[in-house]
Structure formats: C-alpha cells, structure tokens
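The following blocks contain the structures, represented as structure tokens.
Heads up, the next two complexes both have subunit A, just with different partners, subunit B and then subunit C.
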Partner chain A sequence: MDSIILQILNGLDKGSAYALIALGLTLIFGTLGVVNFAHGALFMIGAFCAVTLQRILNFSYETIDETKKDFLGNPLKVETPYVESWFGPEMGAGIIEWSVPLAILFCIPVMIAVGFAMERGLIKFFYKRTHADQILVTFGLAIVLQEIIKFYYGANPIPTPAPDALDGVINMGAIIGMDITYPIWRVVYFCFAAVIILGIFAFLQFTTFGMVVRAGMADRETVGILGINIDRRFTIMFGIAAAVAGLAGVMYTPINPPNYHMGMDFLVLSFVVVVVGGMGSLPGAVLAGFILGILESFASTAWATSLLPGINQVIIYLVAIIILLTRPRGLMGRKGVMEE
Partner chain B sequence: MLGLNKQDTSLFLIVVAMTVLAPFFLNPFPSESSLALFNAGYPDLMQRFVIFGIFAIGFNILFGLTGYLSFGHAAFLGVGSYAAVWIFKLFTYNVIPAIVFSVIVAGAFALFIGYISLRRSGIYFSILTLAFAQMSFALAYSVLSNPNFNLTNGETGLQVYGDDLQIFHRENLPDFPHLFGLSMRANYELEIGSWLFNFSAGYYICAIIMIAAFYLAVRIFRSPFGTMLRAVKSNQTRMYYTGLNARPYTLAAFVVSGMYAGLAGGLMAAVDPLAGAERMQWTASGEVVLMTILGGTGTLIGPILGAGFIKYFENIFSKINDTILHGWFAFLPEGLENLMVAIVHPFIGKGWHLTLGILFMLVIIFLPGGLVEGGQRILNLLRRRNGQKSDADKSAQSTPAE
Partner chain C sequence: MSKQNLTRRGLLKTSAVAGAGLAVPTIFTAQSAAAYMNEPTGSTVTLGFNVPQTGPYADEGADELLAQQLAVEHINGEGDGGCLNTFTSKALQGNGILGKKVDFVTGDTQTKSDIARASAKSMIEKDGVIMVNGGSSSGVAVAVQSLCQEAGIIFMAGLTHSNDTTGKDRKANGFRHFFNAYMSGAALAPVLQNVYGNERRAYHLTADYNWGWTQEESIVAYTEAIGWETVNTVKTPLASTDFSSYIAPVLNSGADVLVLNHYGGNMVNSLTNAIQFGLLDKEVNGQNFAIVVPLYSELMATGAGENIKGVYGSMNYNWQLDNEGSKTFVQSFGEKFGKPPSNSAQTCYAQVLLYADACERAGTFNPCGVVEALEGFEFDGLGNGPTLYRAEDHQCFKDVLVVRGAENPTSAYDTLEIVDITPRAQVEYVPNHPMFGGDEASLGTCNPGV
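Then we have the complex of A and B:
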C-alpha cells in the first residue's frame, strides 16, 4: 500500500511537468492551429531563467579583509554579493537562497516577451502553411534556441538547489497513519502545477477574455466577423502558453539540474502526451500528462521491470501507440480537430 | 538510356560523374596551402557523403512523394547497422552478405512499423514513427544488451571481437570489412604536383551502390507507382472516393525507404564495423529530414545535395577555430578584426549546429523547395535577363523597319 502511494506521488511530479508542457502545446494548437516543436525549448529557457537569476543575484565584489589571512599570510579576499551589501548579510543570503522561487517573478515577463517575439516574428507567417512546415520551422527554431543556450551556459548541467527550507523530506503519510517520506520540493512542484493549471482553466472559463478566446478556438472566423481582434488575443495566449512552459521549467530546476537539451528530451514526451490526451483538448492534455507520469513511475518499479524488462523505458510510447490505434482522437479529443 | 528520358539521363550522368570524380573536385586546393582546410576529399568524409546520400534518397521516396513526414527513420538505419555487424561477427567480413542482410532486416522492420503507423496520417503518423524509433532506441540501449541475450551491446556499441565466430573467415583475408579480399580501408594516394588525391576502395564501393540506389529512385519517381504516390500526397481522400486503396502503395513506399535506410546503415557498418544505439535516436532522424528539405523535397537530386551540403559544412565549420579566423580577418584594423572574430565565433567550431538551425529555418521560410529551388530561381533569373535582352534587341531591330 505504502509503495503504491509512493509510486503515485513519484508519478505526479513528472506528470505535472508533462501536463504543464502539454497544456501550453494544446493552448497554442487550439488557438493558433500551429504545431509548435519549439515548446520544449521554451521549457528549457524557463529553466535557464532560474539559472540566470541565480547568477545575477550572485554578482559580487571583492574586498580585502585585513583581519583574516590565508595560509600564506596574505590578506584574504572576500567576495560579497551586491545583494548582501544592499539588504544586509542575512536578508541577502536569504534572497540568494530563494533564487529559484524568486525566478518565477523574473521568468513570467521574460517568457511572455519571448512568446510574443516568437509569435509575431515567426509563427505568424506559418498559419497558412502545412503542419509539416510548421513542425519543421519550429524544429529549426528549437535547435537554434538550444544552441544559443549551449553557447552561453555551456553543455554541462548547472545545479540550482531549492531553498533549504524546502529541500528536505517530509513524511506525507503522517496524516493518514502511514510512513511515506517524500522530498518537499516535489510536493511543492505538484501544488504549483495544480495552481497554474487551475488558474489557466479559471482564466478561460470565468473571464470575458477567456470567453472570447474559447469562442475563437471553436470558430475563429465568426468571432473575427463580429469585430473582435482575435489575432491579438491569440498572440496573448501564445505568450501565456510560453509562460506556462517557462514556469514549468523554472520549478523543475531543483529536481533536475538544467542542461541545454532538456527541452528536446521533454518535447518528444509532451507531444506524445498531447496526442494521447487528444489534439486540441485542454483537459485531455492535463489528464494524459498525469496518467502517463503515474504509469511511467509504476513501470519503473522493480516488480514491473522484472516482469517485463525495459518496460520503464518504453511504457509511454507503448501507451501512445495503443491509444492512437484504438482511440484515434485520443482520450478526450474533440471531433473535427486534426482529422484527416 | 537505361529507360530514362533525356533529362533524367543527363541528371543521372551528372550524378555518376560527380561521384566518380569526387576525389578530384573535392580536393581543389593543394594539400600544403592554407585553403587545404576546405578540402573534403579524404575517404572518411566522402564515404559519409554517399552513405547519407543513400539515406536521404530513401527518405525522399517516402516524404517527397507521399508527404508522410516520418520522424523515426533513423531506427531503420540503426537496425541495418546492427544486422551488418552481426553478419561480420557470425559469418564473414565480406560486405555483400552483410549489406543484403541489413537491407532485408530493415525492410522487415519497416514493414512492421509501417503497417501500424500508416493507419494514421499527418502529425499522428509523425508521432507514431517517432514513438517507435524512440522505443527501439531505448530498448537497444538497455534491455537488448543484458548478459543473457546481448543483441546490441548497449552503450559500448556492437563491434567485432577477436574471439567471435566468423565461420567463413580465412587467414589470407583482411581483418576488416572487405569485398572479396579488397579491404574497405584500401586507399590509393595519387600525388600530382602539390595536390594529393585519395582513391579509397570503401568510397567507391559505397559510391557504386549509391549510383544504383539513385537509379532505382529515378525509376520509382517515373513509374506508375511513383505517380500513385504523388496522388497520395496531393489528395488521398479523392483516391479513396475513386475506389483506390492507397495504403498498400504508401506501405510499399515506407518499406522501400526503410530498406534504403537499412542499406545506408549496413554501409556505415561496412566502412567502420561498429554499431551504436545513438544512431537510432530521434535527433538522427531529424538530421535526415534536414538534409532532404535543405536539398529539395520531392526532387531527384535534392537529397544528395542536401546530404553532401550538411556533411561538408559540418566538417568544415567544426574545423575552423579562432586562430584561423584571425588569419582571415588579418587585413582589417585590429579592433575591427577582433570584433569580426567575436561576431563569427558562435557560429563555428562547436557552434555548427547553430548555423545549421538558422540555415534550415531560412530555407523553410524563404525557400521551401530547398537548394534545388534556389538553383532554379537563379537560373530563371539569368535566363529572363538574357531573354529580355534578346527581346529588346528584336524590338530595337524591328522598329526602324516600320
């Protein structure tokens, strides 16, 4: 029982990442009708926002501390981050320690700007082209973004730890009388993902803006005829989708140190997630994200791998193949979306 | 000639001439000069040109004719490589059985994957092929290399060891893949003045196979079968309504293109008897997509040009470093020189993929027909300019007569 719950928990945090990326992909696909292969790159840029903020906060100046000597007897050089000198040593150290959560604030404007630039600068010209062209041009863009990141940050994973307060483990089972210890940050990640997903759904469901966007997703032309500038709203949705991917990336950094190809790694999987959930269906993307995450974690148990060796590596693809062949529209796909 | 029309014959002869004379015109610079960097006439690189040419020709039969974008073609390449190395391990270093076997295995594998994947089209087909390729990659990397049943040798890659069976191996035969005793590594160096030309057995064997593969592709393009595949691309629904079942045709195209990939994989193992799982990864599939599109999708010669272009510049760009750049920009004032080097620096050496990505995006945006379309546009432009001139001459001549 304990181990089952543990596996579900394990699946939830990976599933959250899949769900967030797939949600963004589906938002873009549902609104603009564009298949965005660069979405994984947006996830990666988000993660590197956290790295960048960490580096900015660690900008420091050198002072010579006359009271201390190093082992040769020379006065010791001390590096003090500017933040510490501005806010006082304790507060400054605290800010540096909390750089990953703070990066959320930093990431949102950056990602929205990146999203706008991408949509206005490139994607706009590809509405009328075939899906194959869209895939290919965004694939090219993904390569370019990934190589730029590699040029500036190097090829090695960069550790970005979570704040100490959130870095330990927590006994999740204490409430229900079981013994399940689990890293706090993963719980945080899951809660964060849930908040974002609920936020997006609430935004689409309960605001006028969201209503117009939903109307546009259902019938773009009619909404346009009614005198609403639907293109601008869709561009804003692209920015939001980029921000969602970026936030997923920021919060993922303590779980997995970011490197330049993490975007590509997640891209393939999240596309599979989108297809399993049903092209163009937002609830489908979220549901499929969590289901596949949990399935993957169950497939990695010793029991499953001894029964079917290698199942943990292929489970997601296997599920995708079965779903695609038996339920052509995916789990919750709508009629008429991407049908041949 | 050979059942080709005039235009195709000349294209075919151009390809033959290009491949046969490649050792000469890929080495246009004397081997001691500073421009020798741009020479590409050494066996290893030339072999890569033709092998990836075969791979791209095959991919083009599927993507160029039917419009089905497969993102998992590298799986067939990898399977072909494994099959060839197994033949080396078990039977003989002779390349003929290895290549034949790798084509058969890749074909069977493609039949299986294609039968399932072709039930869907569009992006779903891309995702299905991608899923299959990633599965093969993951399995080849991990499970299929367990001690009880070691099919792929995991991370190390499959290679031939001294204690392998090799039933038909004889003492007098080279300890390297060979064609009836002629080692793939055999190389004849011809020195003319300060030029050095390499004639490698491995290259010429691959080149002959590529010419044959190209000829077959031309025949497929011009056959009723090829026309049927083009009909699939332009309007599949209409084909269904006229009572034609398109699936057997697309499946045949998929298998043929899988066999081409297997052939390329087999040759890759033949010039270097080693097969690794990373050949199956989806980025490798992406590479052949890049080659085909960069060269020109649906054209005959495009994929070969694309493959050659990418492999050539990959090699050259990776070799250029800052010192060489400083040499090139030495004529500028020092500040400007350093600025130019700093600007170019991200695009060279390890930054080759950045250049490739940008180039690829530019081609997709501005030149959907690839290099071939670019060439045609330039030709048309020149022709039009000449045509206008002659028109102008005519009018100039005719006006005074009135």
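Then we have the complex of A and C:
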C-alpha cells in the first residue's frame, strides 16, 4: 500500500512538470495557433534563471589564506561572497541558500521579456505558415538557445539545491497512520504547480482580459471585427506562457541539477501530453499531464517491468496511441482544432 | 566504314569505365608504395583526437582535449616537458616522434557511436591520422576501436569502463589505459566490507546499456563474494531524467545499500533523487543505509554537489595521488590551464605519450610495430604508478583508487578524497575470464591497413 501511494505521489509530481509545460504549450497553440517546439527551451532558460541568480548571489572577493595550500601548492585563495560581507555571514549564507525561491521573482520579468522577444522577433513571421514550418523554426530556435546556454554554463549539470528547511523528507502518511516519507521539495513543487495552474485558469475565467483571450481562442476574426486588438493580447499570452514554463524550470532545479539539455528531455513528452489532452484544451493538458505522470511512475516499478519488460520506456506513447485511436481529438479536444 | 552514334548515356558509360580503368593503377600504386595505412611521408605526423565536443559529455571532452594538446606540446619539446621527465621509458627526446613534428586534428564524437565512427573515418581518410585517441563512452570506444582495426590505425581509448572494450570486443589495434568495471568491483568490495560489514542487502539501479550491464555484473559478483545479498537489479532507461519512481521501491525492498550503476547525467540525477528521498538518513535492518557509486568522475562529483558526501566509488586516477608522475603532470596541467586534471584528461595524456613512446621504441609508425612495442610494456612515471599493458588483451593493469565524497572540501577540486589505493595484484584477472568473453575472446591480428 505504501509503495502504491508513493508512486501516486511520484506521478503527481512528474505530472506537475508535464502539466505546467503542456499548459504553456497549449496556451500558445490555442491563442496564436503556433506549434512551439522551443517551449522546452523556455523551461530550460527558467531553470538557468535560478542558476544565474545563484551565481549573482555568490559573486565573491578573494582573500589569501597563507595557512592553506591550493592544488599547486600556492597559498589558497578563499572566496567570500559579497552578500555575506554586506549582510553578515549568517544572513548572507541564508540569502544564498534561498536562491531558488528568490529566483521566482527574478524569473518572471526575464521570461516575459524572453517570450516577447521570441514572439515579436521571430514567431510572428510564421503565423501564416504551415505547422511544419513553425515546428522547424521553433525547433531550430530551441537548439540555438540550448547551445547559447551550453556556451556560457557548460554541459555539466549544475547543483542548485533547495533551502535546507525544504530539503528533507516529510511523512505524508502520518495522518492515516502510515510511514510514507516523501521529499518536501517535491510536495512544494506539486503545490506550486497547482497554484500556477489554478491562477492561469482564474485569470482566463474571471478577468476581462481573460474573457477576451478566450473569445479570441474561440473565434479570432469576430473578436477582431469588434475592434479589439487581439494580437496584442495574444502576444501578452505568449509572455505569460513563457513565464509559466520558466517558473516550472526554476522550481525543478532542486529536483534535478539543471543542464542545457533539460528542455529537450521534457519537450517530446509535453507534446504527447498536449495531444493526449486535446490540442488547444487547457484542462485537457493538465488532466493528461497528471494521468501520464502517474502511469509513467507505475510503469517504472519493478513488478511492472518484470511483468512487461521495457514497459517503462513506452507506456506514455502506448497510452497516447490508445487514446488517439479511441478519441482522435484527445481527452478534451475541441472540434475543429487542427482538423482543417 | 562503320557508323557510330555517340549518345549522352553512351559517353557517360564510356567515361566511367575509362575513369575506373585509369584509377585502378593509381590505387594500387598508392597502396603498394605505403608500407602501412597513412604512413607519414613529410616532416610531420598527424594524430586524431576524437572527443565529445558537443553533447552531455562536452566538458569531459574539453578536458581530454586540453590534456592531448599538452601531450603534443611535450612530445614536440615545448612547455615544461611534463611527464617526459618522469616517464621510465626515455625513448622520447622532445623532438616529436621519430624526428617528425606532431600535429593533430580533432573530431567530435557527440558521444554517439555512429557519429564517432564517422568522425574517426573522416580523420583517417581526409586528414591521414596515424592514431586515434579519446572518447568518453564505452559504446563509442568499441565502435571506434572496431573501425580502427578495419582501417589499420592504432586506437588508444579514452574513458571507457565496460569490460567488453578489452573483453569480448578487444582488438589487436586497440589499447585501453582506463580501468574497467571488473576492477571497480575488485577494488571496492574489500573497502565496502570494511566499512559496511558482510551482512548487507544491495539494490541495484543500472543504466540499461552495455556499460551498465557489465558494471552491475561485476559489482554483484564481488559484493556477493563478501556475503552481501542482491535484493534486486532494476534497469533504468538511458534517457531517464527523474529517478523518483525507481528510488521509491527501494524504500520498501528491505535493502540497506543502493548501488547506482549510472554515469554522467544519469548518476547526478539518480544520486540527487536518492538523497532527496532521505535514503542516507534511514536505518534499515538495524544499519545505516548506504549508497555506492562504483564509477566516479570529477565532473559528475561537481554536478552532484553536496550529495556525494560520504558516498564511496572508484576512479582510474585522481590528481591528489602522491607520486612523482602525478605531481609532475598536475603541476604542468595546472600551471597551463589553472585547474587540476580530471581522470579522463590524465588517461588521454598518458595514452598519447604511450603511443609516441611506442613508435620511438619500435622505430616505426607501422601499427604492427607499435602493437608489438606496447604489448607487455611495463612503465611508471605517468601518474598511476607502476603499470603494465597486458599483451593478451591490451588492458592496462595498475593500482585502482577507491574514493569517497569529501565531507569538508576546501575547493571545487577536492570534492572526492582517496580512501584506498588497491594494489594491482588485487584487480588482476585471467585474459579468458568469463566476464571478458571467455575463451572465445580474441585480439585477432594487427592490421597495418594495406
């Protein structure tokens, strides 16, 4: 029983990442009609926002410690972060330790700016082109972005730990008298994803801006005829989708140390999630994200792989095929989307 | 008088036949003139450094390239001479190889076997390299070694840890300086027994490809020999990024040791995930839970950060080794590049020097002469202590390092500390060992390429 609950928790956690990325993807597709293969790169850039802030907070000055030697036998250069000298060793170390949560604030404006730049600088020129063209150009952009990150940060993963207070484990089964220890940060990630997802839905559902966007998603031309500048709103939605992907990346860094390739690792799966959920359907993307996350977790257990060797590697694609055969529009796909 | 109609197709056919006819003698001339493949005829000799310059091991490849460039400098008599001063063989004089200045070209393996082969093929055919060195993967090493055997070129492997490279896939033209999975097991087991005792239950997570399988096989054999029980061995896809679904079952398996047969990004992520789930803070079967990473590298240790603290593993070389060869190499590399060398860098440096030295001693670049010079060659002074290149399988035998994640590192370079130097005798095995292809494994014969 413990292990089943653990795998459900793992699935929800994986599903959180899939859902956040897929949400942004389907938001862009639903509004702008663009198949954005650079969305994984936005997730990766978000993660590197956390790395960048960590490095900024770790800017140091050097002092020479004559009592210690470096690897060449010279006196050791000791680096002390400016933050520690400005705020005192304890508070300075505390600020550095909380660099990942602080990176949320740093990430939002950066990602919105990146999103605007991408949309205005490149993607808008491909609105009227075929989806194949859009995929090619955005995939190319993703490769360029990851190579830029690799150039500056290297190919090796960069450890970006969670604050000590959120770095341990919590007994999730204490309430029901079971011993189910689970990493605190993964619980934080799930809660964070839930807040973001609910926030996006509330924004679209309960604000005038959201209402116009939803109307535009349903019938862009009619909204335009009514004199509303829908393009500007859709550009803003691109920025918001980029920020969502970036935030997913920032919060993911303590789970796995980020590297330049992490966006590609999530990209294909996220597209499967979008297709299974239904192209252009926001609730579908979220639902499919969590379902596929949980299925993937169970397929990775020892009993599943001993029963069906290799099932852990194909489960998501297998389920995608079954769903698309039985429901060609996906779980919650809208009629007419990508059917022309 | 006959009338002939000259058609376009006819002309093309005739030209093709005539061209081939003219080319055949040229090919034969070229082959018969050279005693062996890519025989250097000018004042220089070209080496091919085939390392990952892009992809997940690009940083490791960059480090290999630095070491290879340093080796070339030293062979050509530039810089401080490095390990030419400590190498027990004194054949190299700092004037190139056999009087020819050493030049090099580089290729990008991308850590993909097909691309690595294509890159090596291009270096051999277009650049005329006489030896290929480098790489950070066993799949790449086996593929490039096979190509070099077919082409008649010497392959001096870089980082490759699978038993198969000098086991069932051994080749006469290929040589491995790096240690292997069997040696990791042989070196680690006594230390693990000492630290964790005999009554342990181990759970293995293994990267699902050739290297992972051979490492798992070796570690299982050696840990069971010291009395440990193997609870489960689970294969994980190479493309895995989040290992939480594989870690969670460990918690309820009754295991008290987790062995991570992972390398690179897989290892960084699986170890990070295992620490997140609090495995090292657990007590199972009345004992503290332990994690073992049989193969370490400095870059992986950096990527895993503080998670490696107290975690045991093994290495081919570590810059903290206290012998003359190592100190000289660290000084030379450190002065030039501002950091100590990684174990893949040291491997490539040693391989380039060993190749050059073998040519000098053989008095030829002919691969068969080089093979003969390297087989059974015993040396010291390159950083690993006394070393033997065994003739039967072209595997290097030297002491193996058991390391542990340091509790209080003073810099980014001493995150791993040496806890034991396992003597060479303890990691030796017979050339026809079942894990190395048994009686069927054979080097074949050296191929000079003509």
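FYI, the second predicted complex is superposed on the first by the 323 of 340 C-alpha atoms of A that agree within 3 Å, B and C clash if a C-alpha of one lies under 4 Å from a C-alpha of the other, contacts with A are read in each partner's own complex, and residues count from 1 in each chain.
Basically, contacts are C-beta pairs under 8 Å (C-beta built on N, C-alpha and C of every residue); 3 or more make two chains touch, one makes a residue touch a chain.
Quick caveat: nothing in here was measured; it's all calculated off a predicted structure.
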Note to self: If we overlay the two complexes on their shared chain A, which of subunit B and subunit C does A:45 touch? Say first, second, both or neither.
What the structure shows: neither
Margin query: Is A:156 touching anything from subunit B or subunit C once the two structures are fitted on A? First, second, both or neither.
Written below: second
Margin query: Is A:213 touching anything from subunit B or subunit C once the two structures are fitted on A? First, second, both or neither.
Written below: neither
Next item on the list: Using the touch definition from the top, say if A:136 reaches subunit B (first), subunit C (second), both or neither.
Entry: first
Note to self: With both complexes overlaid on chain A, does A:313 touch subunit B (first), subunit C (second), both or neither?
What the structure shows: both
Margin query: For A:22, using the defined touch cut-off, is the partner it touches subunit B, subunit C, both, or neither? Pick first, second, both or neither.
Written below: neither
Notebook entry, point to check: Between subunit B (first) and subunit C (second), which, if any, makes contact with A:197: first, second, both or neither?
Noted result: neither
Next item on the list: Name the contact category of A:248: first (subunit B only), second (subunit C only), both, or neither.
Entry: neither
Note to self: Residues of subunit A that sit at the subunit B interface in one complex and at the subunit C interface in the other, please.
What the structure shows: 150, 313
Margin query: Give the list of subunit C residues in touch with subunit A in this complex.
Written below: 54-59, 232, 234-237, 239, 241-242, 244-246, 248-249, 251-252, 265, 268-269, 272-273, 276-278, 281, 299, 302-307, 319, 330-331, 334-335, 339-340, 410-411, 413-414
Check: Quick one: in the complex, what on subunit A touches subunit B?
Finding: 35, 122, 125, 131-133, 135-137, 139-144, 147-148, 150-151, 264, 268, 271-272, 275, 279, 309-310, 313-314, 317-318, 320-321, 324-325, 328, 338, 340
Item checked: Residue numbers on subunit B that touch subunit A, as the complex places them -> 67, 69, 116, 119-124, 126-128, 130-132, 134-135, 138-139, 141-144, 146, 236, 282-283, 286, 289, 293, 346, 350-351, 353-354, 356-358, 360-361, 364-365, 368
Notebook entry, point to check: Okay, in this complex, where on subunit A does subunit C touch?
Noted result: 2-3, 6-7, 10-11, 13-14, 68, 70-72, 76, 150, 154-159, 161, 167-169, 181-183, 185-186, 254-257, 259, 261-262, 265-266, 296-298, 300-302, 305, 312-313
